[in-house]
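For reference, the structure I am asking about is given below.
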Amino acid sequence: MAVRIQMEDFDAGQELNKLRLANSSIGALVSFVGQVRDVNEGDAINTLTLEHYPEMTEKALTAIENEAKTRWDIIDSLVIHRVGTLKPLEQIVLVAVSSAHRGEAFSACEFIMDFLKTGAPFWKKEATNQGERWVEVKLSDDLAKARWEK
Amino acid sequence: MAVRIQMEDFDAGQELNKLRLANSSIGALVSFVGQVRDVNEGDAINTLTLEHYPEMTEKALTAIENEAKTRWDIIDSLVIHRVGTLKPLEQIVLVAVSSAHRGEAFSACEFIMDFLKTGAPFWKKEATNQGERWVEVKLSDDLAKARWEK
Amino acid sequence: MNIKILYFARVKEAVNYSAEELALPNDISTITALKNYLSQRGDTWADLFDGKQTIHAAINHELVDNLATIKAGDEIAFFPPVTGG
Amino acid sequence: MNIKILYFARVKEAVNYSAEELALPNDISTITALKNYLSQRGDTWADLFDGKQTIHAAINHELVDNLATIKAGDEIAFFPPVTGG
């Protein structure tokens, strides 16, 4: 399990290969890549700037990965999240989970994303032609997280 | 939407980048990679050989992708499945789904895998030190598929 | 009527070949009837279609059930449950 | 007691700086008490903590609620709901 917060881009394929080849009892590798879209709420996005709270980010993401490992029989997981200023089509985040069988990896990967969205201290600011604005929280993210509580 | 059945290996990272960069309204890319495990049912696996029914495979996988596109608001999808003889740690299958938001991509990707497992005409034969044997159907795969029926 | 039959995986190994062209009597018009017809070839065939193991059938690349109708020129396939992915 | 306070995102922009060291009166021992204390600085602060917008608090990198206890040396952070991923 690893967490990396970085300004630089990452090579998703290389990360997935490393995770996959690390263990020959891995049968399934599920991953999520998030990228900057060129439109949000109807406005063209020029750049997206990600701010974070460094010490807390790492702690929060590690806790989320640990919780995923408690809930599902997974082999390894990786979270890479970028900070700084990004353009449309740039990668923001990679979450990858390996396991023997696919069901565990799918659930754990989606769980980590849902909790990252609502529990890791990142904040997004968009630059549009009308100026800068903070991205608003989406109700759908709270609902996505709530699904896991039972 | 595309289906590729091939003997050769594939570069998952390259495929994901192609899908992701094809459209700047894509915010989420979820993928599954399946690989050959070195142990199954307690026996060491030397090789895994995949047989298929070519014309039907392509048709069945296309139908599954179309059904996913009907059920969820996804942008694109890709299925690559290998046939022939593979060794542990080799990639078997890639399923990738792009969409504006993550929930749709997660659901569609898992749906495609669950239906591929139970509805696409592939058959696996394992070579172990005790000889060759056909891989048996898993009840968990039927249950995974049944979740989507409602 | 003339049809083509394909066999895959465990079923192919049991019958020991992968494909055959067949001139069917015209009254053999469903998958069930075809299974019964083939079962008359003897033990291997009777065992295959005795209902103790699941054998799927496809007509022209579509999975069908036992009541599906066979037409001249069809490509029929028999195979065990699938295990890809 | 001495504490450190960090501000992030929209909150940082409102107060116009990202961190401060503060000598707190000893009776300010919860997040609620700290919010009320800071609110006395004037409009910006009072607006921030008037409860109309969600402001999360963390103590030493752990999300906490308003009843959480502050100790000397703590690193407190105030920030809006998160929007990463």
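When the chains are written out, they are named A, B, C and D in that same order, and each has its own residue count from 1.
We adopt the following convention: a residue touches a chain if its C-beta (ideal position, glycine included) is under 8 Å from a C-beta of that chain, and two chains touch if they have at least 3 such contacts.
Quick caveat, the model's predicted, so the values are computed rather than measured.
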{"item": "Lowest number of touching-chain links that must be crossed from subunit A to subunit C", "value": "2"}
{"item": "Inter-centroid spacing, subunit D versus subunit B (mean Cα positions, whole Å)", "value": "49"}
{"item": "Inter-centroid spacing, subunit D versus subunit A (mean Cα positions, whole Å)", "value": "27"}
{"item": "Distance from the mean Cα position of subunit B to that of subunit A, given in whole angstrom", "value": "23"}
{"item": "Contacts with 2+ other chains: residues of subunit D", "value": "85"}
{"item": "Multi-chain contact sites of subunit A, meaning residues that touch two or more partners", "value": "34, 102, 113"}
{"item": "Which chain pairs touch, all of them", "value": "A-B, A-D, B-C"}
{"item": "Parts of subunit B lying in touch with subunit A, wherever the complex brings them together", "value": "11-14, 16-17, 20-21, 24-39, 88-89, 91, 100-103, 105-106, 109-110, 113, 140, 144"}
{"item": "Subunit C partner contacts - residues on subunit B that touch it in the complex", "value": "34, 50-53, 55-56, 59-60, 81, 92-93, 113, 116-125, 134-137"}
{"item": "Contacting residues of subunit C [partner subunit B, same complex]", "value": "6, 8-10, 58, 61-63, 77, 79-85"}
